[in-house]
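The following blocks contain the structures, represented as structure tokens.
Next, two complexes with chain A in common: one pairs it with chain B, the other with chain C.
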Partner chain A sequence: MVKVPETAASAPLFDYAPAPESRAIVDIRSSYGLFVDGEFVDGQGSSFKTVNPATEEVLSEVAEASDADVDAAVKAARRAHSRVWGRMSGRERAKYLYRIARIIQERAREIAVLETLDNGKPIKESRDVDVPTAAAHFFYYAGWADKLEYAVPGNGAPQSLGVAGQVIPWNFPLLMLAWKIAPALAAGNTVVLKPAETTPLTALLFAEICQQADLPPGVVNIVTGAGATGQALVAHPDVDKVAFTGSTEVGRRIARTVAGTDKKVTLELGGKAANIVFEDAPVDQAVEGIVTGIFFNQGHVCCAGSRLLVQESVAEEVLDRLKRRMATLRVGDPLDKNTDVGAINSAEQLARITELARVGEDEVGTTGGAGRWSPPCDLPERGFWFPPTVFTGVSQAHRIAREEIFGPVLSVLTFRTATEAVEKANNTPFGLSAGVWTEKGSRILWMANQLRAGVVWANTFNKFDPTSPFGGYKESGYGREGGRHGLEGYLK
Partner chain B sequence: MSPTTPARASVRKTWKLYIGGAFPRSESGYSYVVNDAKGQFVANAAMASRKDARDAVQAARKAFGGWSSKTAYNRAQILYRVAEVMEDRRPQFLDAVRQSEGLGSRQATQVVDDAVDRLVWYAGWADKITQVVGSANPVAGPYFNLSSPEPTGVVAVVAPQRSSLLGLVSVVAPAIVTGNTTVVLASEERPLPAITFAEVLATSDVPGGVVNVLTGPPAATAPWLAEHMDVNALDLTGLAGDDEAAAALEASAAENLKRVLRAPAAEPDWEADPGIDRMTAFLETKTVWHPIGL
Partner chain C sequence: MTASDASLRRFLHGLPGVDQVGCEARAAGLGTRSIKTTAKAQALDLAIRMVDLTTLEGMDTPGKVRALASKAMRPDPADPTCPAAAAVCVYPDMVATAKDALGDSGVHVAAVATAFPSGRAALDIKLADTRDAVEAGADEIDMVIDRGAFLTGRYLQVFEEIVAVREACARPDGTAAHLKVIFETGELQTYDNVRRASWLAMMAGGDFIKTSTGKVQPAATLPVTLVMLEAVRDFRAQTGRMVGVKPAGGIRTAKDAIKYLVMVNEVVGQDWLDPDWFRFGASTLLNDLLMQRTKMTTGRYSGPDYFTLD
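This part shows the complex of A and B:
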């Protein structure tokens, strides 16, 4: 085993020249209406501003859909389903979805820049992860549209459900839209989708893409707004399917709202994933995985590896190397191509992270190696920022080990045996994902069997693919998105 | 037309073979006359020889490693690209089908549309067939056990004789979408749409050697392909109704236990739902065991 130099945690940063991606490629309108029945229309409600979280600059003003607006969108979706989309052959539907996939590929850079402006995530991530994966989702589900009879065992003549009401979060705005819309449309449903209040712009750009693809009016409708708009959508009596990605708290409310109806529901909710590092793990690889697990997308990831469980015998070494690696993370301008960690998406989210970190500081104390640590980094003066942070000496009772922080904050716990690691990992109401780092294959599979989580990554983390089903156990929600399984929630 | 300004003489295309991404003439120097549906002379097509067939197998084998190890997503993108380029060349294919099959305008349009859509249909299968025919197996012991399909290798295809475009696409696409590479013997009397299709393949990011197209009578090359020890599978669809020839080829194929898709009694209805049998015919199933335990 290689010994880490004593000065590990203060390794010097290289100086990088600024490498900003040009924002000239995007053309943001000063205001946006709703996208209903194939056209942009003025909402009947008020409007709200969407800002660039890296600068607090107002990007645009967006309509806040009222109940009446939601109703109009659902009606448009219903008409499109009964007159056009629900009757169209899968072979024809497929071609529209392929067109959308191709246009996303063609306009990839424009979408990536817009996503980074509205969300605050590094351009490196929007460019290399969000946008290509979104295109891949449409491409993959396009291919299912004309093969639905093979998708669900035992259902040789699958039918669409009707109108899907979909509500998505702000952490992967376009990608979550793709996860929702692609399988819904492939299965022959029409959709009304509400993007998150703080990140509506790529969904509105997607509306333009639907126009360029000549998608029949009403097949996709985008209603912008906050919680009330989402509530109106999921509660609408003419919605046949509800799909939600977001917090467990809101997920519970939605489950209550649809109780007693015939609505089919998919919920993809919070997580508090354990990332479990055994003593025989390849340490450098594991450290990269820990960093990816919690600092990717500023930790705004429902499946983030927010609890590091490291075997006691290697805890010190792993932590040393982790800190050294964290010191090289570049936090700052999301449009800079060298940036690793961008801006926190909103003032509200920053306040939540700050508060939980403060609580964590009180909880873990400073004795016996416990404490809070961040590498030295200069955060921009304007905008919403939080440095990559690690807490050591965390116990299972601490709030920072139990609650989803949804930010770049890692809680470190230790274990001695695999059984103890499993107990700690499963000691959470969540069950979305988990990570296992060990060179022993049989142990990976044993751990995978024991972990109560919908996705288990072994010697890797935060991997996503359209062919691979994603979703949680327990209070991380139900239903799966991605793969053949992702169609089941949209078919009867 | 005035005698002083004669009509422009057209520049006619030389119809060649398609081997390893290039368009060579037959090594034999032989060609044969191809007529249109009314019996009028259209072109001299290359008559592929035994040597051409062997070259084609070599090219297909060489391409197999790269093609089969591309991600399924990538193969899907490439097949879809073939459909895009083919759609772009619809007028050319309409002419080719009308000329070779004698179809009216409406029928020809239907055939070309179906051929493009069939490519799109198969493109989508690239990253789905594993999910439909693979399985996680609950063996009675502490073992992870997963079965996945893998391409069988080089597939020699005797393409349908009547349906020179839709039939051709319907036998080539299912073989290559899963990662196999092919040597395709085009319809003997209607070979020209196959060469035009090869021109589309050559400009659609399909690596050279994944599809190789031979023209000429089946008797000149099929027996060599059937006994070639580096060919893994044989599709005899183009010998529909010719039981004797098909049986002889199947017998030759037995030497290295080629997978054989037998000739049907009559050429299939290519407009019908093809199902997934043409893909599974050229897939192996690989099962991986791994212990589970501390």
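This part shows the complex of A and C:
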């Protein structure tokens, strides 16, 4: 019965030649100022460098906004709100939002290359996910701008809040900007946004897009900087609304800062999502979903499926298939169109992932099939890299099952019954997302009701759409972004 | 397992399901791979070697078949480095002509038998059809399954027909023609059915599983081929036996063909990247492969008149 293929050994490998996207389309300036009141201005503070995490090459020098710079930006936003944007009809605001959306589409390739250079994510993802989804958010909220009275229950047209101070993370720089700015502007607010210090460049390109779209000065202001700049922004007394996406630790600090003020706050924080695979799951698609869940964007995703809960009866089979699939992941040059897993965003993040993986190795040990595994892959010498990694034999008591690693590291746990799966999935301080894999529709609905998570994906994972609200339970934050719900945080 | 419809049904319906959305997304994702320069040159030559050059028309004549045979042996008369196609695929009455024209070139003759394309004939007629083709010298037999029986759950009948046709492929000298089993996936409708048909055909001893006759739309698609590749991969893991896959119909461009090769490479791996284990059933594909191949070597595109039409 067994027939050994004769040709297998002699056949030449089908090795994909490099297919790099050209970076010539992007013009990165050697230094950038702040975008305040419709103009690029020099900051009054110092400056910092932003690097390409795949090569450690310095891309540009960016101004670090001081308290005075933040104050100037908030003042510009306040002026724009009271004189122009807050008074403008929704239909007029929509025109600007549509225009921004179209410019994002027109300049998609340029934005995608810049995002990949500054962030380290594969060009495939910035091209096929980040940029089109960002444009989709502007298109979607442009549609709401003149229909706000239908968005929130109550009498009459709802009012904008005023000035929104927004702080976004480095994992999806432009997309998070779109999630923040599009609903804020649609609802009639003006914004001061601080991009993450390691990924400021696409936000600054977005500032150029605002100029290109003739957006009235002061409606969008971009202040670059690190934690202190963010702190100055959220603490500014003339900010009416604070929106933050990032770590739970910083989220707590922000909540303390705004406590006792009448600022409205939405926080989108960490996660430790369970991706739950039942024995009757469509197994090949489930394996794809596990891979997408944790290795998409190098695992730098707050809703990443970082805990795989697999039913014991199929655990071995699913793991075998998962490892075989992981061996085909292409790790390397983010600008190569065939790269699946790119660079870790910063040395700091790489150190954190490395440390937690080391802890995990000690925790799970090597007995009874437990252990750490990565497929063989050649990592580039320069830059920040971490191979796709899976830990088997993990239990709820281990740190790698509880703490957000925010990297390409999957912890595998098993369960016997649906009740046990729910218990384990919910047994975490977080509650941002979850995945359920089964061919049984009634079980999907039952699980979705039991899981305490803002998003429950069924037979898919990491799908984002502007029409769908996104947000957390428990330490994953409060408030929703996306959909009609996303407007509520920007209206009174 | 193969004792009754009921036991076959239990096994086939116990196979893991296929989620349509996820399957199509995976196929589309593989389709975005960018294959350039050396990899492209390698893929084009491999694809040419995998082509089953096909003519299955009512108006086929010996002259047409002979022309096709010379095309298969020397796809690009101007370039001796261009490899030959894998096989010429014809109706059974044309097998002798094709065999004669191909001689000992190494290019195989494949014959569609078993009342192709509908398969709506009595079993003994299907078997006679097969034996005719084998006696005339066919190296490979492309049979069609009884889709009516499959869709009504008469799995045992489908299974036994494949077994019988396989026996009819035997030659007096103890060797046998290679058997490809065509599902006509466009009529099976669901990916679950494609997976079940794949296992049924492999268990019955098929050497190859093939998507379509080319007479029904949709014919070969990337997601259907993905499901079949997963099936042959899992079948080898369980039994140790390797089964080939042949998408047929609707693959017209080099770009499409390369997408299939990428899928083979990443889903089942290097072992299947060989004409013995993966084929394209196509007629117009070959000239596009040749056009791209010439472009790779000369740096220029030539017009269609520079490639032979047969």
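In the analysis below, the second predicted complex is superposed on the first by the 477 of 492 C-alpha atoms of A that agree within 3 Å, B and C clash if a C-alpha of one lies under 4 Å from a C-alpha of the other, contacts with A are read in each partner's own complex, and residues count from 1 in each chain.
By our rule, a contact is a pair of C-beta atoms (placed from the backbone, for glycine too) under 8 Å apart; a residue touches a chain by one contact, two chains touch by 3 or more.
None of the values given here were measured: they were computed from a predicted structure.
Chemist: Just checking: does A:Asp128 make contact with chain B only, chain C only, both, or neither of them? Give me first, second, both or neither.
Modeler: A:Asp128 contacts chain C only, not chain B.
Chemist: Does the superposition put A:Ser395 against chain B (first), chain C (second), both, or neither?
Modeler: Neither: A:Ser395 stays clear of chain B and chain C.
Chemist: Give one of first, second, both or neither to describe whether A:Trp446 is in contact with chain B, with chain C, with both, or with none.
Modeler: first
Chemist: With the two structures laid over each other on chain A, which partner does A:Gln159 touch: chain B (first), chain C (second), both, or neither?
Modeler: Neither chain B nor chain C is touched by A:Gln159.
Chemist: Under the definition above, what is the set of chain B residues touching chain A in their complex?
Modeler: Touching chain A from chain B are residues 72-73, 76-77, 80, 117, 120-121, 123-128, 131-132, 144, 276, 290-294.
Chemist: Going by the contact rule at the top, pick out the chain C residues touching chain A in the complex.
Modeler: Touching chain A from chain C are residues 16-19, 21-23, 25-26, 32-40, 42-43, 46, 230, 239-242, 261, 265-266, 270-271, 273-274, 276-277.
Chemist: Under the definition above, what is the set of chain A residues touching chain B in their complex?
Modeler: Residues 91, 94-95, 98, 136, 139-140, 142-147, 150, 418, 441-443, 445-446, 449, 466-467, 483-484.
Chemist: So in the complex, which bits of chain A are touching chain C?
Modeler: 1-3, 5, 7-8, 11-19, 124, 128, 280-285, 288-289, 328, 337-338, 439, 459-460
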